[in-house]
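Questions regarding the structure given below will be posed in turn.
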Amino acid sequence: MTASTMTNSTQPPSAKPAPPAAPDIPARRAPAEPAVTFDVRHLNVWFSSNQVLDDISLQVPPKAVTAIIGPSGCGKSTFLRSLNRMHDLVPGARVQGSITLFGEDLYASHVDPTVVRRRVGMVFQKSNPFPTMSVAENVTVGLRLNGVRQKALLNERMERALRMAALWDEVKDRLHANALSLSGGQQQRLCIARALAIEPGVLLMDEPASALDPLATAKIEELILELKKQFTIVIVTHNMQQAARISGFTAFLYLGRLVEFDETAKIFTNPSNQQTEDYVTGRFG
Amino acid sequence: MQKHFDEELGSLKEKLLTMGSYAESAVSQAVQAVTERNDKLARQVQDNDNIMDQYEIEIDDLAIHMLSKAPLATDLRLVTVAMKISQNLERIGDEATTISRRAVELNQEAQLKAWLDIPRMAAVALGMLKESLDSFVNKQPEKARAVIPRDKEVDAINRQLYRELSSYMVENPSSISRCLNLMTVSKSLERVADHATNIAQEVVYLCEARDIRHEAHKP
Amino acid sequence: MNDLYYNWRKAKSSFISAACFVCAVIVITPLALVLFHLVRLGASSLDWNFLTQLPKSVGESGGGMANAIVGSLVLVGLAAGIGVPIGVLGGVYLAEFGSGKTNFVVRFAADILNGTPSIVWGIVVYALVVIPMKGASAYAGGLALGFMMIPLVIRTTEEMLALVPNGYREAALALGIPQWKMVVHIVLKTAGKGILTGVLLAASRVAGETAPLLFTTPGNHFWSHNLSEPISSLPVQIYVCAIGPYDDWHRQAWAGALVLLCIALAVNVGARLTTGRNSPHLAR
């Protein structure tokens, strides 16, 4: 594993001796509360010659849910994926501008994108638990494939992640069943647990409930409201009522530009920008 | 889908305005029943009160139905403001009914004195109501804001009338029932002005998303 | 009037269905004929002796093809030793790491290799291995068959890996798992059964090749004790028996052909059964 300045190796003092932290896995977040999680400045993204994001600047506040809304194709997912350097995997993608996470530049030349992705978890629209693994193996895969071997630590993290994802009670008796035996909503919560197990400080969610039925969606939204007490969450959604329900801050993107970014209450009761008003009341286009 | 919603919004506004004109004419007719000593007019006002009640129910129903579609921004403010305005208008209707009942009582005895203050109060209160409803139709927050200070005028006339009637009652015990009825009429008109003020405040919230209620109490 | 049109349409539809059925039957017929023929001519000679004894010397009757059967297995094993690593890694490169330009070159090369006639492989390995080693050997035979396996395995590996939905790759990378680990632990594991099937099918294809073996390991009447010696194999032994002058040998050739076909059928059917049970997660 490449050492990197991104590794956060401080641990707060605890009553019982904690097991030794595995290399490159952040053990705990730093005690001091940062004012801003992501500081995005003049972000531009191109796919080949096609500019997808145009000069976006905003600051994602910590321990809150920030929703990204906008019509299809406006660049919401592209923006989200630039927060954990997923565009590095796309040939022809070019990212310009600066994004800092807790003050550290994510795109600096010495930064290993793999390490970035361990600090920023991601949940996708279609739940994708690994099909050859059991529930338990899925949750701990991020830890195991990054070098963590101690069974006790793995089990502890697995239980904690499953509890945080509000899934423990439902699966604790079938931890070794294949992950695909769970229902759609449970699979999505399993993916959330999988992301949480590596203890990122941030969770990115790309339309996490859009493939689920209303009951499962409600559970996911409830979960997000719980999780925001501990994590910074950025969620892309095309459902404005969902954004109104669960987010504290909302950014409205259109054609790759940031039109408005403000507290959710303001965006949905009295937006400053006429375009935002038109989109939010459904009178767009 | 938006067109359907817009039609419902239009229907909501229409109902509100119709209710508003009913309220205006109810108050004006009730005061007329007092000043012209017209019992028939008074009974007409009482009969028309249930029209206003019906409107309030219809408007609230429509508003709840529209809320279930989760409107946002201006639409959301409009629906919630509509519910509040309809409530205020319904109460104005109730005040008009009170005035008309007092009119019937007053008409059974001789007229007390020249009607000076009651018509004056009524004119101001009705003016406030008209202006606030106009500002709602035309989305004019400045007009709405102009309505609010006039409430003090009406309060002043009410207080003055109370003082006059109180001293008169002491001097002329035979006029007590007439004075009490007049005090009730005055109080009702003062309440009409208060409701018109509320409507104006709701219009400001609708247009500017600013809640200016209870600002007098702010430090 | 509508009724008439409907009947005409029904008639057309029935005719086409019947034609398709007939075609299906035509397809199955050769296989049935071959099986029937082989069973008729070879089953009688197929006995325990046949499976366990060495061929007898010229002139003697009886004997078997035990060493040929074992020899074929050894050769396929050697071929797999070459074909599987190169083929799978090549397929992994094409599916996971390649770019448009390099992929084109690799695929083109694989297609050429695939199209090379098997006898050419025989000659090439003869020149490269048999002559320097001054003799035929199992190594040479295995190498020739291995070269033939490579393009088959590359092709099926790449296809199986392409069937793995991209969502798994993204999810793994989003967990901060390095790309090579993602490929090995997630993608390969998911496509594993499919790749295995592809390998088995390639092996059974290659097991029946005769031409390359003629140049590289033309046969051995006895057990081979050393892989640098020539080794017997079923296809070659069948060939030798078939062109020989003795009826006894001809019978043995039929029996050998029946055994070869049965092995091929068993591997094919077995491979399909394994894939069938596991295709759901590849089809997501």
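A, B and C label the chains in the order they appear, each numbered from 1.
Basically, a residue touches a chain if its C-beta (ideal position, glycine included) is under 8 Å from a C-beta of that chain, and two chains touch if they have at least 3 such contacts.
Computed from a predicted model, the values in this text were never measured in an experiment.
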Contact partition of the other chains, chain A left out, is B | C
Chain ID, smallest distance between chain and overall C-alpha centroids: A
Max Cα-centre separation from chain C goes to chain B
Leading chain pair when contacts are tallied as C-beta pairs: A-C
Find the geometric centre of each of chain A and chain B from their Cα atoms only, then give the gap between the two centres in Å, rounded to an integer. 53
Inter-centroid spacing, chain C versus chain B (mean Cα positions, whole Å): 93
Take the average of all CA coordinates in chain A, do the same for chain C, and state the distance between these two points in whole angstrom. 47
In the complex, go through chain A and note every residue touching chain B. 240-241, 244, 268-271, 277, 280-283
With touch defined as at the start, can you tell me which chain B residues reach chain A in the complex? 1-2, 5, 70-77, 209
So in the complex, which bits of chain C are touching chain A? 99, 165, 167-168, 170-178, 181-182, 185-186, 189-190, 192, 280-281, 284
Using the touch definition from the top, list the residues of chain A that touch chain C in their complex. 84, 86, 89, 91, 114-119, 121-122, 124, 126, 128, 130-132, 141-142, 145-146, 180, 191, 194-195, 198
